[in-house]
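Sharing a structure, written as structure tokens. Questions coming.
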Amino acid sequence: MSDNNKLTMVVFSGDMDKVFAAFIIATGAAASGMEVTMFFTFWGLKAIQKGNLTGKGFLGRMIGLMNRGGIKRIGPSRFNFGGIGRGLFKKMMKDKKVVSLSELLQTAIELDVKLYACKMSMDVMEIAKEDLIDEVSGLIGVAGYIKEASESGITLFI
Amino acid sequence: MSDNNKLTMVVFSGDMDKVFAAFIIATGAAASGMEVTMFFTFWGLKAIQKGNLTGKGFLGRMIGLMNRGGIKRIGPSRFNFGGIGRGLFKKMMKDKKVVSLSELLQTAIELDVKLYACKMSMDVMEIAKEDLIDEVSGLIGVAGYIKEASESGITLFI
Amino acid sequence: MSDNNKLTMVVFSGDMDKVFAAFIIATGAAASGMEVTMFFTFWGLKAIQKGNLTGKGFLGRMIGLMNRGGIKRIGPSRFNFGGIGRGLFKKMMKDKKVVSLSELLQTAIELDVKLYACKMSMDVMEIAKEDLIDEVSGLIGVAGYIKEASESGITLFI
């Protein structure tokens, strides 16, 4: 049964601007009294990683190195200029007194937003449970996501 | 309460193909008798900007220059080739008698599609109310978007 | 009327990781007993093309060559390295015994997932009905998509 007081989003992207939009929507909805579930998958997993290097095999380590996780390492999808973009964006947001990604993640946690990690992506990218922040609500598969989404009035893929 | 006769979309992308898809869906839904709300945020704001240069500080002007707004300046996400892509795409669409982005925007306005601009993105990117086309229905924050989305049967993030 | 037992997604992207996520969600939902509709448009059409070269005019052939279709030719949105990325990704997924895109497409067909192609995109990109795999359920326009989506509890744009 659909419950319009619930929002479920897939956070697939690991780009700063999209992760930012995801957390703004998630915390905004939670602040409005909605029940919010974020399902982090693929590149989106970066947002809930601790930030240590990951991977065991050669390919896993390579992905871990090139796509290193951690909410503070996330860069914007445009104007990255080899890292300058992230700094620029952060500076503009700070100048405008917009909250940072780290603060948004903290707010989401305080507002009881559920943070689920996609088990299959973790397997493929060799990201272990220990590589994720402690506040993650659990590791689930697609069936778990479908259950959450089918109960939600708002469903988004970001 | 969810109303299946309503569609709310976030237009986050400023890429021509995605903005095109957004307007095709929006006008198609409105033509089918649905109530449609488009919430333009981040790069998507370009679609409802007049096209003048924006920004006051150094960073704002830089963003305004590199990411200049206006529905006619929007280019496709692939095959851009430093601007050639947009022309090519436009030519193919014209050859096939597909409507242009400008016409789609006009149609959306005529079909009473609500066009909202994201206040926070405008602040961050230093885009002023005067930089937006007059037909914009208003500037709202995430709470306004959540309200619209929670009343909608179809919710999309583009 | 919204039916929470139905999921409708737009597959706009032609990037391997996103197409992969789309099929994982589609087959997962269908396996959970949901009615699933995938609407392939723009770059997403690649996933349901046979893989032959397409296009008649010069521009159509050029698009057909640069953006050649077929589920086996689809590459990831990051780390493509001129084609290496796709191989790397495939290898990692194979090492982890994750199903391939081709297998996922086959599973979707077996689970009666409806595969619709966007008529307008096909016209613009000069992709003919014969260029699509035989299992495509039909060619529809935006009105057809809106009808499906307005009956769905879960709507996604990928």
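So that you can tell them apart, the chains are marked A, B and C in the order they are listed, and the count of residues begins at 1 in each.
Operating definition for what follows: a contact is a pair of C-beta atoms (placed from the backbone, for glycine too) under 8 Å apart; a residue touches a chain by one contact, two chains touch by 3 or more.
This structure is a prediction, so every number in the text was calculated from the model and none was measured.
Asker: Same or different: at the chain B/chain C interface, is the fraction of residue numbers used by both copies above or below half?
Answerer: Counting shared over all numbers used gives less than one half: different.
Asker: Compute the rotation angle for the C-alpha superposition of chain A onto chain C, expressed as a multiple of 5 degrees.
Answerer: Rotation angle, to the nearest 5: 120 degrees.
Asker: How many angstrom lie between the centres of chain B and chain C, each centre taken as the mean Cα position?
Answerer: About 24 Å, centre to centre.
Asker: Can you list every residue of chain C that touches 2 or more other chains, as numbers and ranges?
Answerer: 2, 155-157
Asker: Which residues of chain B touch chain C in the complex?
Answerer: Those in contact with chain C are residues 2, 4-5, 7, 9, 17-18, 21, 24-25, 27-29, 31-32, 34, 78-79, 88, 91-93, 95-96, 98, 153-158.
Asker: Taking the touch rule as given, give the residues of chain B at its contact with chain A in the complex, in rising order.
Answerer: Contact set of chain B toward chain A: 1-2, 10, 12, 41-43, 57, 59-60, 63, 66-67, 120, 123-125, 141-143, 145-147, 149-152, 155-157.
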